[in-house]
Structure formats: C-alpha cells, structure tokens
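Next up: some structures, all given as structure tokens.
Both complexes shown next keep subunit A, but they swap its partner, so subunit B is in the first and subunit C is in the second.
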Partner chain A sequence: MPTFTIDNKTITVDKGTTILKAALENGIKIPHFCYYEKLSIDGCCRMCLVEVEKMPKLTIACNTTVADDMVVHTHSPKVMKARAGVMEFQLINHPLDCPICDQAGECRLQEYCFEYGVPHSRFKEEKRKKKKRFSIGEHIVFDEDRCILCRRCVRFCREISKTGEVAVFSRGDRSYIDIYPGRGLNNKYSLCTTDICPVGALTSKDFRFKVRVWFLTEIESICPECSNGCNIKICVRNNNKIYRYLPRQNDKVNDTWMCDGGRLSYKNILSEDRLTQPLVKSGDKQTPVKWDEALSIIAKGFKGKDGKPDGPHIGGIASPHFTNEEGFVFQRFMRDALETNNIDFTVIKGYKDDMLIKEEKAANPRGAKDMTLSPRNGGLSISEMIRGISTGDIKILYIIGSDLMGLEEGEMILDSLGNLDFLVVQDTHVSALSRKADVVLPSATFAEKDGTFTNINGIVQRIRKAVDPPGDSLPDWKIISRLSKAMGYVMEYNSPEEIMNEIAKEIPAYKDVNYKKIENQGISVG
Partner chain B sequence: MAIDIIKVKRNVNMTFWERIYIPEILRGISITSRHFFINLVGFIPAILFGKKRKIFTVYYPEEKLKYPDAYRGRPILVIGDDGVEKCVACGLCERMCPAFCISIQPAETELDKERYPETFTIDQSRCIVCGFCEEVCPKEAILMSQDIEIADYDRSKMLYQKEDLLIPEKDLRTRQAYVREAFARWNY
Partner chain C sequence: MEKYLTKNFDVPNSETIKAYLNRGDGYKAVEKALKEMTPEQIIEEVKKSGLRGRGGAGFPAGLKWSFMPKDNGKPKYICCNADESEPGTFKDRQIIERDPHQLIEGLIIGAYAMGVNTVYIYIRGEYASQAKILQKAIDEAYENRYLGKNILGTDFSIDIYVHRGGGAYICGEETGLMESIEGNKGQPRKKPPFPAGYGVWGYPTTINNVETFSHVSHIINKGADWFKGIGTEKSTGNTLFGVSGHVKRPGVYELPFGVSLKEIIYEHAGGIRNDNELKGVIPGGSSTKILTDSMIDVKMDYDSLMQAGSSIGTGAIIVMDHTTCMVRVGCVLSHFYRHETCGQCTQCREGTAWMHQIISRIEKGEGEIEDLDILLDIASNMEGNTICALSDAAAWPVQGLLRHFRDEFEEHIKQKRCPFTDSFLV
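What follows is the complex of A and B.
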C-alpha cells in the first residue's frame, strides 16, 4: 500500500493504482480525455500530464502507477503550461462547431478549453478537413471532423461489447476513426459510445438536435426494460417531457453501461396509446368516467350477492412491472380485502446475453416473487385461473399489465376472458386485454412514480418520479389503496416510503431495507 | 458628536449680472414665451405658404425618426444572403435571456449548417429588449431592430413566431456593423 503526496495531500492507495485514479478518488481534478475508468488505459491524449518530483519530464497520470514517497503536482505552472499546449494541439484541426454540435454543454473539449486552454488560436494554416456527419450505425451519427482520436469508442467495442467494429485507420494527422468495411456500429450497446465519446463526434440519432442538454434535469432511476435493473438518469425538460435516459454508475449492477433497447424505451412513456382516463364498458364501447365512479363500479363488481367480496371466484394477476411497494399493497388487497389467494404473475421472456440484458423483460419479477405475488395456501396459478374461467370457478379477474399476452396461450386466454362476469384491467397502455375489460384503470409508468425495484441479483434500488402521469392516471399503489377504500377495507398510505417501512416489518428478507439506506446504489437482500 | 460640514464646490462662477438674478429670470421667461408663441402660430405659414415648419415636433405616427444604430428595438432574426435564416438553434440566446422569453425547437437540416430552428418564438410581451440575445449569438443571427411598435390588445399576438421575426440581412447592415464594432472590443 504505497503512500504518496499529491498537491500537498498525503494519501495511501492500493498497490497498482494510477495517479489519475488516486486523484479522482480523492477529489483532485486532473483533466483527461482518453482515460475511462471501465476501459483499458491508452495514454494517447496527453491531457492528464502531471509533474512528479525527481522525474525529468512531465508524465501522464493515467498510466503512471503510484509509488511510495512520490510527490505529485497537478496544478503547478509547468503542468498548466503543458495543458494549454495540449489543448492548443487538440484544437488545431477542431472545427468551430460548438453552436451546431450536439455535445455542447457536456463536451470535455469545451470544458477543458475553458479551464485550461488559451483564448486565441495561433494557427494560421489551413485546417484539415474530414468527413462531416454520416451514419455509422443504426442509432449513431459520426462526425469525423470533431473526433479527437481518444480511442475510447475503439476500446469500448473491443473490450466491453466485444464486437470490435470500430478502429483507427491511417496515420498521423490523417488518422481517423471508422468502421470496418461492411460493418456498422450496431451492437446492442452501441449508444454507450455516444456517452463515452468526450466530444460531439459520436452522437445519438435519436437524441441529437432535440434539446440542449443544459435545459435538462437528471433524475436518478432504474431502467424498467429487463430484470437487470441498470441504473439510469432520466433527463427531463421543464418537469414534463422525457428526452433521454443515460446510464448511471453502479458497479454492482451495470458499471456505467446500458443497452440500446433500454435506453430508447423512454418512447413508450411518451407514446400516443397511453391510457389517461378510467374507462367503463357500456355496450361495445368504453367510455371515460371519473375515478370515483370507476372505483365504485369495481367495488360493486367484486362483491357477491351477499354484499361481501366474492373471494373464491376472484383472481388477481399481478404485474412484474410493479414496484415492490405496489406488489405488497396488491397482495394485501387481494388477500385481506378480497379474501382470496388466487394471485399470480407472469413475465415476458426474450433476448438475453451475458453482459447486461436479462431474459425477463420486466423490471421487477424478483420483487414480485419476494412480495408473495405467487399463489399460496391453495391459491390458483394463472393457468389454473384460466382453466377456472371455463369451469366457472373464476368469475372475476383483476389483471394488471398485459404480460399475460406474452404467454404461449395468449390468444386462447384472450378468448376465454369473454366468459368472465367482470374483468378489470389496470395498465399503462391500451392493449388487447384492456379492450376486453369492463373497467379499465389507467396507471403510471415507472418514470411517473416513486418506489423500489429488486433486480435479478436481489439488489433493491430506488426509482424516482421524473414527470407527472398523463391525464388522470395514477400510480398503481394509489389506485389499489383507493380501490380498497372503496371496498370498505381501508389501507391508507401517503407514500411508497411508508409502504416500504411496512414491508420491512413483514417480509424478513427486507428487514434492513429503507429509503435512506438505498440511496443511489441500492442494497442487497441476497 | 461633532458634525463635519462639507462645503460642496460647484465650479460655478457667476458674474455680477447673473448674481442680480432678475435679468436672468426675464431672459428665461422670454425664451419660454418665444417658443410658446412660435408653436402657437408657427403652423400657419406652413399651411398658407407650404413652408417647412421650424419647430421640432415629430408628428408620430405619421412622421418617424431614424434611431441611432445603437438603439435596441425588438429582437429579430437575420436571413442570410443565401436566403436561409442564419440561426442554427444553438440555444444560447434561449439560455441567456433574462426574461425567459425565447423558445426554440431545434431540428436537423440537410443544409451544411446541419441544425436550424424548426420553431423560434419570442414572447414580445416579456422581452425587456436588453440585447443579451444579440450579444451572445455566435452566428450574428439575432439582432436588435429599430421596431418599437409592439403594443397589441391581445397578448397571444405578442408571441412572435419565426416568420414574424425574419428580416433579410441587407436591411440590417448598419446594425450589424455597429454590433461588430461594439463587441469586438471585448475580444471574444
């Protein structure tokens, strides 16, 4: 464990740590372009030069390991002069593109230029011109002119996505980044290259020119697309429109990456077919009604002739998109208010790989299991409930989400729903299921509510409300507790946090979980 | 506590004639009365003989003054000599505007400039004609015009859209030159 001095601070680090890493961990800023924590070290940009006493020349911090008794200066006059020099070289051929460049506002080159550069150009010669914007992959536009050849994208494709479609071609000031002939930057994680590209060379086709980054607020959340639970930031403008997701660092879950599918899934939230009002079937049509009316119709529908909940004939199909809190409230509602054990859930399966993408295409199947959303004490499973419809054992279904349709027998299920006495569907979007329902309740997506998800490895993580739910739609936990109240069984909760505190009391694995401890890195429940 | 009395030196040295006061009062009254009577009857020769009036009254809105180039009227967008608006929707003016009255929706174009404002709205009812947008613009795309007639009965009409803002560059040369000179001092 070497101990060394950096900017008059004495610190001890693990053996093999580089100066740059040690500095960053201790809050000392050293500018760098090519170094990226999750990639191998390239040492090609020379921005991270620092002065080490007794070394004849300045040395790069990113590739110099700390040794005992080293004395490092990161902001000495010599270093500052070298940085200004490196910046000048970087800018020699860089276009004056900032007004049109989509990276402006989150561009390293801009930031360092402001902090360390010289304000004037001494370059009188002709600038080298390269190819401007062209499509380099399904989701990515490349501007060769802006590239500073830090090779982060090359290393990413070699080391992380392991697809290696990008490389540096040619030599010297003519070298450029390109894809190998006949290939495209089309791996499942390609958009990560736009995150790590320090300048505006690689930009996302989807995001580019939509909004300036300085108008965006970032809200920490979790990607809802699969059970891996990648940490994300939701970028929102004016608290009402989502423009993009960015991955957020969590070394236990996703390092600093996320897949393209997850990243672009924000579009679902904005989509036109969101449910925005409670609907009630009248004749062949579904007409919008107020919440109170919809809830009282359901309360009536759930009750048998004797005015009590028709327990044994009711089935509840939960959603793997539920937050833990909602799952908990749902099972309480089914078991205590409706007195039935017929609870189950299913999850759509799909593509998986051995990096991040998991098979279950929902955020919280693990949490649903933990919250006991599967049949217990003789309750019926989904297939038994569906069989029960034809035998008359199940007359009422309360379905949340449309994951049922992902089952092989989806179509068959859809047909058999016609035989029910009463069907309530609660979902975010219009679906084949919701069209069949007697009452449809509009619910909020993950970006419109607070709560927690438990990922496939048992890490409980927070989601946070980024935007308001559209129209009259509400978070599932609110809908369920209101419905419960309408049925005469009061479950008053003011916030998901309150529910989590109750979960901690009732579910042993979650006894240490609370919102404060989860913070932004999550906690493990094993 | 002793009070310090400060005697202000006014740098006015009056002559004896001025000090006796009455003549100066009379002189002042005579100037005022002269203007009064000229204004009272001064239009008559203009009507009778078609002579140019001597008095300095601008009959706005029939008559208008040309303001100096430094004058800041409502901001407008410049159409370049190539017939395309110069703005690239960089969003700096939108960010800079202290009254938050600019909203821009950028979009991509096939033209070389890559980026253009799909919509560009200035809420003229909020604009305080400070000129920051003009100063911050990296493309000389937004300039302060000489137009001050923005009053309206309906606030919604004061939302100026891109079409309402566009003015060809050739009509704006003087302001452009002024701006170049004024901001060159700062050596951005």
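What follows is the complex of A and C.
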C-alpha cells in the first residue's frame, strides 16, 4: 500500500491506484474529459496533467500509478498553465453556442472553462466547421461541432455495449466521430453515450430542449422494467412531472449504465391510459366511484352467502411489480383476511442479454417469491385457478396488474373471466383485463410510492416517491390495507418502512433488512 | 576517415547477397555471434560500443536491448523502423536500396541477442521499390539459410517480414508503428506500458531504426573498442548525414560524429548553390530547431547540438540560402505537422492547426505583432504535454524560427506582405 503526498496531503492507497483515482477518492479535484471510471484509460484529452516531483514533464494523473513517496501537485503554476492551454485548445474551434446548447448545466467544458479557462479568446482564425445536429441513432442526435474527441463514446461502444459502431475517422484537426457506414448508434444501451459525453455533442432526442437541467430534482430509485434492478435517478420538475431517468452508480448492479428501454419507460407513467379513479361496472360501462363505495362493493363481493369471506372460491393473482412491502401485505390479506391459499403470480418474459437486460420484465419477481406470493398449503396455482373458473371452484378473482396477459393462454384466460361471479382488477393502466372487471382499483406506479424491490441477485433496494400518483390512485399497499379494513380485518400501516420491519420479523432471509441499512446501494438477502 | 556503412554502396549489384558475400565479411558477424558469443555477450558488446539509436532520440541501443525480458516463455518481437518520414531524412533508403544485407545481418544478430524469432520491418508506404529490393534480399537470405529454421546449423530460428505502411508520418512513432502492424489506426499508445514489456500484439518488443541495426554487424566483426574509437565520447561511430536544400552536392554522407556542420556543408556537400549566402540550417530533420549561419561551427554530435539549442535528430541537414523566406519555411513545416498529427491529444490536434493558420496568415501579410508571442505560447503549451513527441516536433521548429528569425516575421507584419519576391503563398 503506497503512501504518497498530494497537495500537501499524505494519503495511503491500494497498490496500482492511479493519481487521479486517489485524488477523486480523497476529495481532490483533478479535471478530466476522457477518463471515465468504467472505461479503459485513454489518456488523450490531457486535461488531468499534474506535476510529480522528480518527473521531467507533467504527467497525466489518469495513467500514472501512485508510488511510495511520490509528491504530486495538482494546482501548481505549471499545471494551471497546461490546463489553461488544454482549455484554450478545446475552445478555439468550439462553436461556443452554450445559450442554445442543451448540455448547459451538466457540461464539463463549460464548468472547466469557468474554473481553468481564460476569459478571452486569442483565436483570430476562421473556426473549423463540422456537421451540426444530425441523427446518429434512433435516440441520439450528434453535434460534431461541439465534440471534443474524448472518445468516451467510442470506448463505450467497444468495451461496454460491445457493438463497436462508433469510431474516430480521419486524422489531426480533421478528426471526427462518426458511425461506420450502414450502421447507427442503435445498441440497446445507446443513450448511455449521452450520459458520458462530457459536452453537448451527443444528446438524447427524447430529452433535449425539454427542460434546463438545473430545474430538475433527482430522486434515487430503481428501474422497474426488468428484474435487474438498475439504480436510477428520477429527474422531476416541480414535484409533478418526470422528464427523464438517469442511471445511478451501483457497482453490484449496473455500474453506471442502464438500457434504453428502461430509460425511456418513464413515458408509461405519463401516459393517457392511466387509471385515476376507482371504477365500478354498471351494465356495459364502468363508471367512476369514490374509494369508499368501491371498497364496500368489493368487501361485499368477496363474501359468501354466510357473510364470511368466501375463501375457497377466491383466487388472488399478485403482481411481480409489487414492492416487497406490498407483496407481504397482499399475501397477509389473502391468507388472513380472505382465508385462502390461492395466491400466485406470473411474470412477462422477453428479450435478455448478458449485460443488464434480464428476461423477467418486472422489477420484483424475486421479491414476490420471497414474500410467498406463490401457492402454499394446497393453494391453487394460476393455471389451476383458471381451470377452477370453468369447474366452478373459483368464483372470485382479485387480480393485480396485467401480467397474466403475457401468458401463452392469455386470450383464453381473458375469455374465461366472463364466467366469474366477481372480478376485481387493481392496476396502474387500463388493460384488457381491467375492462372485464366488476371493480377496477387505480394504483400508483413505482415512481409514485416508497418501498423496496429485490433484484434477480437478491439485492434489496429502495424506491422513493418522486411524484404524486395521478387522480385518486393509491399505492397498492394502501389500497390493500384499506380494503382489508373494509372487510373488517384491520391491517394498519403508516408507511412501507413499518411493513418492512414486520417483514424482517416474519421472513427469515430479510431479518437484517431495514431502510437505514439499504441506503442507496442496497443489501443482499442472498 | 574509414567508411563502413556506405563502403560498398558503389559496388555493382551491391544489393545482392552475392555481392555481399563476395566482400569477405558478409554474414561473418552472424556466424561469429551465433557460434562464438552468448546473447548476453552481444548485448554487452553493443552496450560497450556506445551505439545510440539513429532514429532521432539517440537512446543507447545496448541498454534498450537489455530491457527485453529473458526466458519469459512468450513471444518477443523486433520492429525495425523503416518508416523514414521526417522531412529531410533519406538515409535509411540508401541502406535499403544499396546494402540491405547489412541491415538483415544486424537484425539477425539483434534477434539472437534478445531471443527474438520474429522481426517486422515496417517500411513507409512510399518506399514501394525499396520494399521490393528489401524483400528480394530477404528471400536471398532465406535461400542461403541465413533466415528461417535453425540457421547456420544452430537451434536458432528467425523470420523477417516486410510490413508496408500506408504513408503516415505518425506510424514512425514506435507505438504508432506497432498499432499499425496490428492493423489498427496509427496512433501512439500512452506510456506506460513501454514496448519492452508490452509491444506488438502485447508482447515484449524492441524497436530500432534501420541505420541502428546496420551498425551492428560491424561492431561484432571489429569490436566495441574499434567503434568507440570513431566519433566522440558520447556519440560513437559514423553516422549518415543526409544533406538537402541549397547545396551544390546534396546527398547522404557517412561521417563520424563530431564533424563540424561547416565541414559537411562546405566540403562534403560542396557549399551553397551559386555560392549564395547561407542563411539557416536545420541540422537533424524538420523537427529540430534551426541554426543560423553563425552557428555552423557546431560539431555534429548529440551533446554539441543540444548545447547549441537544437538536436542532431536523424542527421538530416536542410540547408537554406539567403533567398529563403523563413516564414514560408514555418508555413511548410507547420503544415506538415498539422497534416500528420494523429489528432488524439488535444494540444497536438488543435495546436498544430492553429500554428499553421497563424503562420500562413503572417506569410499572406495579414499578421499582427502579438501573433508572434501567441505562437510561442502555443508552442510552449504543446511541448512535453502529449502522448508522443509529435507535438514537440511541431513546436520546436516554430520556436527555433522565432528565436533566430523573429525580425523576418516582424518584417512580414510591418510590410503586410512577404518581402521575398520568389516566395509564394501557401
């Protein structure tokens, strides 16, 4: 473990640590463009030059390994001169179109210019013109003029997405980034290049010009699109509108990446077909009602002729989109309030790769399993429940979500639902299932509530409320606990955290789980 | 003054193995090295000789060879740098055209000393006919069992491949050359790792210039002491000076280090054309800083030229008489570096272009006096801050020109035109 001095601070680091990494980990700022923790070291931008005593020249901090007794200066006059030099070289041909550039607010070039640049230009020549704002991929616009040739995108496509469609073409001051002929920057993770692009060269078609980034608040959460549980930041304006998701670093889960599908899935939350009010079927129509009315109709519908819950004839189909807390509350409601063991869930499956995208298209199938949302003690599975509809064994279904429709027999299931006595569907969006329901309960999406998801590898992670649920919709845990109360079985919870504390007592694998420990990097339940 | 590198240049068919063997000492050094010497002894002998690399940087060759790991169980390589692209430099071409077996013999000895079985000769794309000559010589060496499996009945095997470049100056930079051999874009690699640990294909590699390897057979034949006796204490042996420009007899001259620049220009190259006045001399290829007529008593060796504020580089002497416009010289040189920089490092990509733009503007008569200090500041921001030395190579000539010919730049600015009637715009 070498010990060295940097800006008069003595630091001991692991063997093989570079000056730049050591500095960043110890709160010493060294500006850099091309260096990115998750990519190979390039060393071309020359912004991280530092002075190391006894070395004849300045050296790049990103590629210089710390050695014992090294003395490093990161802000000496020589270093500051070199940095100002790099800034000047980067800017002479830069269009300086900051007022109309959407990177403003998160632009390295702009930030370093304030910190290390020279306020006036000595450049009297005609600026080099390159291609402006052209589509380089389905989701991405490229502005060659603003590119500083740090090659982060090139390395990303070679090393991370392993698709290699981007390269530097030509040479010298004619160099430019482009895609190989006939290809597009269209890999499944292409928008990550807009995250790592330090300037306004690569921008997201979806996000650009929607809002200045300094108006956005970032809320830490988890991407709900598959069971990988990529850590994200939900970027919200005025507490009521989501503008984008950004990946958030978690080296155990997603490093600093996320797939385009997940990133753009925020649109589902804003979509027009959200359920915003409880609906009750009257004739061919479903009409909006107040919560109390809907819940009392359900309470009645779930009971048999004897006024007790019609346990054996009720089936509950849970959702892999539930938080752990909601799954736990749901199974308690089914088993304790409705006295049935007919609980099951299913997950829609789809495209997967060997990077982040997992086959299960829901955030929490693992948590659903852990929360015992599968049939136990003679309870019926989904297919048995469906069969039970035609034999008359199942008369009532309480379905959360529309994952059933992902099953091969989805259409057949939809038809058989007509034979039920009573169908309750609880969901975020209108679906073919909800249209069949006697009562529809509107629920909140992951972005509108707190809770935890357990990812495919057993890492329990927190989601946090970023925006209010639309209309009258409520988080599933609230709906279920209200319904339970309406049924005469009181399960009062004030917050998901409270439910988690109960889970920790009830489910052995979760005995050490609590919100404080989860923090922003999650904890493993094996 | 004994010549050894160019001694046989004028023998008829000097490029053939027949002529090489007929001299008596052809391929005798290989026999001596392989049969009478251990690899360590050879490296020791080369070290002792004081042979310095002739590619420009002057790094001691024996020391470089000793960096190669021994018995590492993995492939090792030699790259012979024949990408001779520095403007003014044309000495290696002469060796390849007129005595290629001398080079091949040096390569075999070097390979044996470093435990290398594969040698790449990276030759610049424009040397098309030279590549043919070289390949023919290699084929002859195979036919005569100096190359191939178990040469000279020993258990040492060696293959030499000629790899033609695509015509990029940057591929003469050692790691840019290796990238190019691997089929990648010619861009120097950041260091560390250094080639002796991580070279071609990621394996230990030693790279030397054509001329450097060409000295080796002579050192083995005649001994390190003989070699040390030629030249100066720290610049040993003969070297090839390529003289071009405004002299009566341009060409390649083999002379010992330490000979004066004046002697080279006035005796060997016959003096200035039309007996014009000498104005400036670039002593070691386009990247070395220019010297003025009053400085030509300088001795041509590493130390003396460093003291004179320049460098011996590749020994490529470019002579300019009084008709030369030094701003125009700056234009030509800075255009070259602008065109040839790979462009990965910020300073070099932007700096080479900016310097060329400014100097061109001055040449056109549109310069301003503060441009001169801007030029020097650009040069200082470029120098020493990049992955490879191309940025320095671009900065130095500008610094040299402004140091010695600043008045001429100022004159362009004052007169708002180029005062040299036969100069033309870039």
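Please note the rule applied: the second predicted complex is superposed on the first by the 526 of 526 C-alpha atoms of A that agree within 3 Å, B and C clash if a C-alpha of one lies under 4 Å from a C-alpha of the other, contacts with A are read in each partner's own complex, and residues count from 1 in each chain.
Just so it is clear, contacts are C-beta pairs under 8 Å (C-beta built on N, C-alpha and C of every residue); 3 or more make two chains touch, one makes a residue touch a chain.
Quick caveat, the model's predicted, so the values are computed rather than measured.
K.L.:
Do subunit B and subunit C fit side by side on subunit A in the superposed arrangement, or is it a clash?
P.N.:
In the superposition, subunit B and subunit C stay clear of each other.
K.L.:
Check the residue A:134 against both partner chains and state whether it touches subunit B (first), subunit C (second), both, or neither.
P.N.:
neither
K.L.:
Mind working out whether A:93 is in touch with subunit B, subunit C, both or neither, as first, second, both or neither?
P.N.:
It touches subunit C, and subunit B stays clear.
K.L.:
After superposing on the shared chain, does subunit C or subunit B touch more subunit A residues?
P.N.:
Tallying touched residues of subunit A, the top partner is C.
K.L.:
Which holds for A:114: it touches subunit B only (first), subunit C only (second), both, or neither?
P.N.:
Neither partner.
K.L.:
Applying the document's definition of touch, where does A:180 land relative to subunit B and subunit C: first, second, both, or neither?
P.N.:
Touch partners of A:180: none, neither subunit B nor subunit C.
K.L.:
Should A:351 be classified as contacting the first partner (subunit B), the second (subunit C), both, or neither?
P.N.:
After superposing on A, A:351 lies clear of both subunit B and subunit C.
K.L.:
Between the C-alpha centres of subunit B and subunit C, what angle is subtended at subunit A's, in steps of 10°?
P.N.:
Result: 90 degrees, to the nearest ten.
K.L.:
Subunit B to subunit C: minimum CA distance in the overlay, Å?
P.N.:
For subunit B and subunit C in the superposition, the minimum C-alpha gap reads 21 Å.
K.L.:
I'd like to check the shared interface: which positions of subunit A are touched by both subunit B and subunit C across the two complexes?
P.N.:
In subunit A, no position sits in both the subunit B and subunit C interfaces.
K.L.:
Sort out for me which residues of subunit C touch subunit A in the complex.
P.N.:
168, 170, 185, 190, 192, 338-347, 349-354, 357-358, 361, 368, 371, 374, 381-382, 384-387
K.L.:
Which stretch or stretches of subunit B touch subunit A in the complex?
P.N.:
88-92, 94-95, 106-108, 113-115, 138-139
K.L.:
Which of the residues in subunit A come into contact with subunit C in the complex?
P.N.:
These residues of subunit A touch subunit C: 41-47, 49, 57-58, 60, 63, 81-82, 85-86, 88-90, 92-93, 122-125, 128, 148-149, 151, 168, 170-175.
K.L.:
Which part of subunit A faces subunit B closely enough to touch in the complex?
P.N.:
It comes out as residues 98-100, 104, 132-133, 208-212, 214-215.
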